[in-house]
Amino acid sequence: MASYIVRRLGGALIVVFGISVVTFLLVYAIPSDPARMIAGQKASPQVISQIRHNLGLDQPLLLQYLHYVGNLLHGNFGVSYIYNQSVAVLISQRIGPTLLLALGCWIAELVIGIPLGIYTARRARKKSDYIVSALALVGISLPVYWLGLLLLYWLGYKLPIFPLGGSGGIQSLILPSLTYGITGAAYYTRLLKASMLEVMGQDYVRTARAKGASERRVIWRHVVRNALIPVVTFGGIDIGYLLTGVVLIENTFNWNGLGVLSYEAIPQSDIPVIMGTVLLTALVVVVFTLIVDVIYAFVDPRIRYS
Amino acid sequence: MSEPLLRVNQLKKSFPIRRGILQRVVGQVQAVNGISFTLNKGETLGVVGESGCGKSTMGRSILRLIEPTSGSIEFDKQDILKLPKYQLQVIRRQMQIVFQDPYASLNPRFSVEEILSSPLEIHKLYTPKERSIKARQLLERVGLDPDYAGRYPHEFSGGQRQRIGIARALALNPKLMILDEPVAALDVSVQSQVLNLLIDLQAEFELAYIFIAHDLSVVRHISDRVLVLYLGKMSEMADVESLFSEPLHPYTQALMSAVPIPDPDIKRERILLQGDIPNPANPPSGCPFHTRCPQATAHCSQVVPEWKEVKQNHYVACHLYE
Amino acid sequence: GCSSQSTSTSATASNTTSNKPVEGGNILMDTVSNFKDLDPALSYDTTSYEAVGEMYDQLVTYDKNTTNLKPMLAESYTVSSDGLTYTFKIRQGVKFWNGDPVTAQSFVDEFQRVLDPKVASPGEGFIDPIVKGSTEYNKGTSKTISGITTPDANTLVIQLTKPQPFFLEVLAMPFFSAVDQAYITKVGNKSFDSNTAMGSGPFQLDSYDTNQMVLKKNTSYWMKDKDGNQLPYLDKITMRINKNGQLDALNFQQGKTAIIGNLFGSAGIPSASYPKFLSDPNLKKTVYSQAQNTVNYLGLNSKIAPFDNPKVRQAIEYAINKKKILQLLNDRGQVANQPLPPGVEGYVKDLAADSQYSYDPQKAKQLLQEAGIKSGTQITLYSYNEPDTMKISQSIQNDLNAVGFDTKVNSTDWNTFLTVNEKGDTQGVFTLAWIEDFPDASDFLNTLFNSNQQPANNSSMYTNKQVDEWLNKAQNDPNKQERMDLYKQATEQIMKDAPWVPLYYPVTTYAAQTWVHGFYISPVLPDPLQYIWIDKDKSQN
Amino acid sequence: MEPLLDVRDLQIEFEIDEQYYRAVQNVSFQIKQGQTLGLVGESGCGKSVTSLSIMRLLQESANITGEVRLNGTDLVSLSEPEMRKIRGDEISMIFQEPMTSLNPVHKIGVQIIESLILHSNIAPKQARAKAIELLKIVGIPRAEQIVDDYPHQLSGGMRQRVMIAMAMACNPRLLIADEPTTALDVTIQAQILDLMRKLAKENDMSILLITHDLGVVAEMCDYVVVMYAGEIVEQGTVRQIFKNPKHPYTIGLLNSIPKMTGLKTRLTPIQGNVPSLRNMPEGCRFAQRCPHATDVCKKQPNHIQIEPEHTAKCWLHA
Amino acid sequence: MIDVQPITSSVVIVPKAKPPLRKRAWKSFRTFPMIYIGSAIVLILFVFAVFSPWIAPHPYAKQFSDGITANGMPTSPNHKFIWGADALGRDVFSRVIYGSRVSLEVGILASVINLVIGVTLGLISGYFGGIVDTIIMRVTDTVLAFPFLIFNMALVAILSPSITNVFIAIGILGWGVMTRVVRGQVLSLKEFDYVQAERALGASNSRILFKVILPNVIGPVIVLSMLNVGLNILTEAGLSYLGIGIQPPTPSWGNMINEGLQAYQYAPWILWYPGIALLLSVLGFNLLGDGLRDILDPHNVTH
């Protein structure tokens, strides 16, 4: 197991390396000049070239990349041009809130999506199935920022039930999670429904019925447990995706996390921050896929014991 | 005796076993472990054995649908394992395979005509028009209405599908057909139709068959010689009469006695084997059958029995006959 | 000093009645961007300005919402008659938060930091090569700045290479604050990253994290109000980093924050919310507005065809409907007819007729025809992603198309826009604004139109020898009237040559709750937090 | 003697595209206490549907009419909760695919005692002991360990034994075995059949054995019901059917089995294919394939009594 | 024991008379309502996109002087501007109609790019396996782990914003899932006997890939592409919303929403209508995709 994980992480490193190269090239191709951003609109050209020199931006690209990687190997992510702080510190401050938000969003998706999945699977091809499925689809068809603003406006401002954004505690977590939950639940609903329908046609479900198990018992003990297996896979990929994809939510809800950090870094050409966040999220995505594999083994004994 | 059409020598195939989420190679399955035999023109070799004993692997290896690990396969005096891939095409016109599952072996998206003309198309034989005529002739040959040519596989019953599969194999006028449990999925009433067809075709085209099955009565019905496999190894091979009248290997004996006979009056002494087939990934030492053999001795668990011709044309690998 | 056009419209009675200020209380504010630098030598963005302004003191500063200078840490100052020597008497007994005393050396240290290439301060250009010895120090050929001396602990003497009429305004910038060298030496290089600070200002840094910066009262601040009360009044200010300005405005509307001010990227009330503030009588009472010394303009690059043809540029002057632009901005501004905003001395009230343009699409078409521009000529308008700018660009696009151009808008993020803009060779037409650094005509006219400022600030690549001559002369001319005349001549010539379409001079609108007192909008400085006091029961957080 | 199971006039219809197709019609047979009844016929003739309808495990869209009496109680008219009490308790069932009939995520032991838990209030400790006991009864070695294994860790034969153990948990009066050995190798099949025979004898249990292997029927059953295209064409004791088959279909079936004679002769197959539900011929359903078909076969034949306990549905014997 | 039983019925099949067409249509609608509603929406969307100039009452870029009030407020819905005017005095209704063009163009073209790359790589990777597979899957992993938004922002900044660049950006980063799906399909198809049969007949790799395997993966690919169109429309809107997408005055629902958000407190209609249009179109493609999935699902096919 350990060696496997090491190997997988090795694969992950290749991925992360690929990403680092692409990002680096990409960021350098952007015409905007970080030194100008640091100096401000009105600083003189001398100051700017001084800053470029101080940052090493006047060196050849390859050298800069090697330098970056060299620093990386020493655990040094560099210093943000914009925040004037170590990228490691910036990220470590924000990864917590982002993880919290991602978790909240994920739980909301599950809490909405899974019961709907079970419901629609049990009423497959009935009117209620179509209505609920269509509603779930409406959810994924909504732009998250659009829904987010409407919810904020109506539930935060007009009826001040929830705080108007901010990265505070559980209170301010509810609305963004709900927003994301609504726009993401249908993926789970759809997946779980398909997987439940498949499981319900399995022989062992018939076996359970033949033992005299009630419908409720059949669904919960025999169907749902098995049907959740593909959902788990998706869940892991989804939470990885969530980490990279919370930008819009973070922006809409004033949540100071990694998403906003990286999102703002691009137009400001804050290369160390871009590189740091991109590499980190990529790593997190890969790690989550790995975690899923491990969780998978717990859900599915066929994998655990072979 | 005429020159053998096919000469298989020490054929071996092992699969790596990958396990779990780790997908690590945890061992090797010796799916086929040293099989040698010859097959003459127009002859049928029945291959029997329990599930997982390597019958299909053997069949597919002969066609090089699976790359064998070692051994040699001489077909028409050419070692096909040494042929470069592009020359395989030529060989493949002469060897064909019919699969067990008539539902999985036909492309659901092709009409019957397309299925039957595709071998000709692949080998660039005939014009499209001629191919279509040829396809109809093939249908007729296997006892189906040529008007069915435009239909799709799902519109046919299992038996009919199996006929289509056979027709496809026939399209290139092969000399050898490997029949991998061609009737296992069919009902008895249909099974007999297909068996009859196969027998007729063999007579007509001088086909050689390797007939893989686990139903002994079918094998007995169609084969000239029978090869019994156990855990990837040959345990017994003989002419069909000799084998069925006087099975030598305790495994063959058990196998035969286990076949239920559709006659309530025949009450047989049954050899009930203990336990299950061992895991092929972890085969027993010595004689692979010793774990279940009612006559096993300590010797059997240590020494691999030799493959010996005990009687004329009757080979067995068992310590009882040394 | 000059005539400032401050139009503070404070509405409520309680706001204006001179109730006795109340000591104590906390307020909450939102900011739409991060605090980048708490180092006075580096901070050059509005958000950092807000914090740095509260944490550091300078030699001189501006009085209330005017552009008049008054002494600050310099108790008094004198300027020699040749305008080359400035002598400051430093206030005694002033201490940094850690108790270290503020002396004349505290300023010398900062001048050295600004000139140090390792610090790479954006303020460097404001004193190099004006201050004697600055270039040598910057190049490393001298260990001290020869032009800055401290005859005694409380006297600071600065000598210039040539007279600069707006040098005091430069010194009012936070680049030139008093800093504590002992602290800097102790903490080392990173002493002034965005997490730490050490100043002598009214508020000191309490904490700073991803979500907020908290400033707390410097209890031993030296400044007193006119009644002799110790400043500042407030105990604590919490500035929450909430980047969605629209939400922040909603927060203010709910009464959860005290002020919408400088922290909103100095733009104040987000334009998404401004109409709401206008239409809601309760909110209207909270609005403050102030004309800015800023000009928004449409740059026409005279090196790029077809804008290299003066006729085309003039045609565009006639083509743009500036009133419409202001209408789109809900009238938060004033139509511009020249680069200088009215709040800066040198603004030409009686501009010559041939330097004036009015909205006249017919005339524009005619001029274009004369210039041989075919209808449907494709041009690209360069702009940046900011909601109001986007609106304005589209209005301009509309106007340009109306006179026969086929205009594409290319809008990118601000920094990309700026980087490309400063190359000077790609953007034919672009929208841009110039915000004053200090209220002097030179900061506009010389910086933006002198050909020696190409391509960075003079990114419309305007070149006119005559104008250069005038501007260079005015740059060091101690005679005010003469200077103003030069600027007038330059302005009129520039407008004739039409390298720009001056669009409007914006008015910023800030908001402060009715229970916030003492709030005003300085045209130059950040929010006057040290003068603010609040009703007793309104303390937040 | 009162039969244990009495199926009368069973009729099963499925709705496909808003049309009803009758998959099974006029099926009547009885199983006595301790008897093993073989239900044979070609694929699709309605064997599984019949057995599932006895258990009332067909989906809702299936329309069942007729009577199914277990010890005199009509199962068709029972409420769902009442029926649930019968399933797994009085009637148990095992299926063809031991590989897929066990839930992959639950341990063997848990699955075996599930019916015990559902039908009695047994303590968990006892239940586990009982599971081990049951595993021993069906001849599984190392029962104490296997009880905590997952299905995929067992071979096919073992799994089928587990299925049997599961079915035996509540000592059912009737065991329905739907092709219990089709997926198994002959040597394993022999073991399983042997086990079933032994258990039936020990517990005086009846078995409804569904298969299409006539050999298995001949070895296992007391009584045989032959189905064709949804109908019973012939039924009788095992000797009557094998020694004196009367229906041309039964005869055809028996003839098409390759005999172990070893002669490479042509077999005598039944011509043609089973008609599909959608275009079922009127009258005798076998007529199309019957070598003896005449015009009269266009009408439905009746069940004709040949001997006691032996009927055939054919005009030949009318 | 068994008596000769009376024959109860000689008619075995009891089909009801074939229902009239109207009823059959309703019936199939009842079975697959999703696909019908979805196709209807998509069809309407196409009509809007193709016939925008005829449907829209006003030019999309025209800034009406009566579209904004004297103090710069957008005009609320009235008989001239049925969905109101936007902040520049343009007709929201006309802009929403024209906006369908961008959405469709980007949604579909980006999906086509996804499809072409995804299917090609998936086929190659799944069929040939080995080192090729490893490399392609690593690249796919990289693409899947790559932050989409950052890539898009960077690319658009480099290439300058335009419709073409937007769908290229979305297209070349969105194929990861497609590749995975196709590869999975190919891996399982490869083992099918009918593919083996082709090989046994001596068929070349290209024949097997394109004639045998490709047609069999087309089903899931179509479904995924439909869902992808919806997703890509949303992504385009997201990019435009962030200001890095379609350039004004070309209306895209994303930039309209962006403008609408700016005016929500005083002119909510600017946000509502493009939002609803976006929602409905994405929903349309989702319903279509889901419906197709239902139809193509072998469980639902009754032969």
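Order as written gives the chain letters A, B, C, D and E; numbering starts at 1 within each chain.
In the analysis below, a contact is a pair of C-beta atoms (placed from the backbone, for glycine too) under 8 Å apart; a residue touches a chain by one contact, two chains touch by 3 or more.
Here the structure is a predicted model, which is why all the values come from computation and not from measurement.
Peer 1: For chain A and chain C, which third chains touch each of them?
Peer 2: E
Peer 1: Identify the chain pair with more contacting C-beta pairs: B-D or B-E.
Peer 2: B-D
Peer 1: Mind having a look at which chain is the central one, using mean CA positions?
Peer 2: A
Peer 1: Measuring centre to centre with CA averages, how many angstrom lie between chain C and chain E?
Peer 2: 48
Peer 1: If you average the CA atoms of chain A and of chain E, how far apart do the two points sit, in angstrom?
Peer 2: Going by mean C-alpha positions, chain A sits 22 Å from chain E.
Peer 1: Centroid of chain B to centroid of chain C, CA atoms only: how many Å?
Peer 2: 89
Peer 1: Return the residues of chain A touching two or more other chains; collapse runs of consecutive numbers into ranges.
Peer 2: If we look for residues of chain A contacting two or more partner chains, we find 30-32, 153, 266-267, 306.
Peer 1: Which residues belonging to chain C are in contact with no fewer than two other chains?
Peer 2: 385, 412-413, 416, in rising order.
Peer 1: Where on chain E does chain A make contact in their complex?
Peer 2: Answer in residue numbers: 31, 33-34, 37, 138-139, 141-142, 144-151, 153-155, 157-158, 230, 234, 237-238, 241-242, 254, 257, 261, 264, 271, 275, 278-280, 282-283, 286-287, 290, 299.
Peer 1: Which bits of chain E are touching chain B when the two form their complex?
Peer 2: Those in contact with chain B are residues 192-194, 196-204, 207, 212, 215-216, 303.
Peer 1: State the interface residues of chain C toward chain E in the complex, per the touch definition above.
Peer 2: Where chain C meets chain E, its residues are 246, 271-273, 275-276, 278-279, 324, 327-331, 385, 387, 390-391, 393-395, 397-398, 401, 408-413, 416.
Peer 1: Report the residues of chain C in contact with chain A in the complex, numbered from low to high.
Peer 2: Per the stated touch rule, the residues are 34, 36-37, 39, 42, 44-45, 117-118, 120-122, 124-125, 193-195, 209-211, 240-244, 247-248, 250-251, 253-254, 256, 385, 412-420, 422, 437, 447, 456-457.
Peer 1: Note which residues of chain B are touching chain D in the complex, please.
Peer 2: Contact set of chain B toward chain D: 50-51, 157-160, 187-193, 195-196, 199-200, 214, 216-218, 220-222, 224, 240-241, 244, 254-255, 257-265, 270, 272-273, 276-277.
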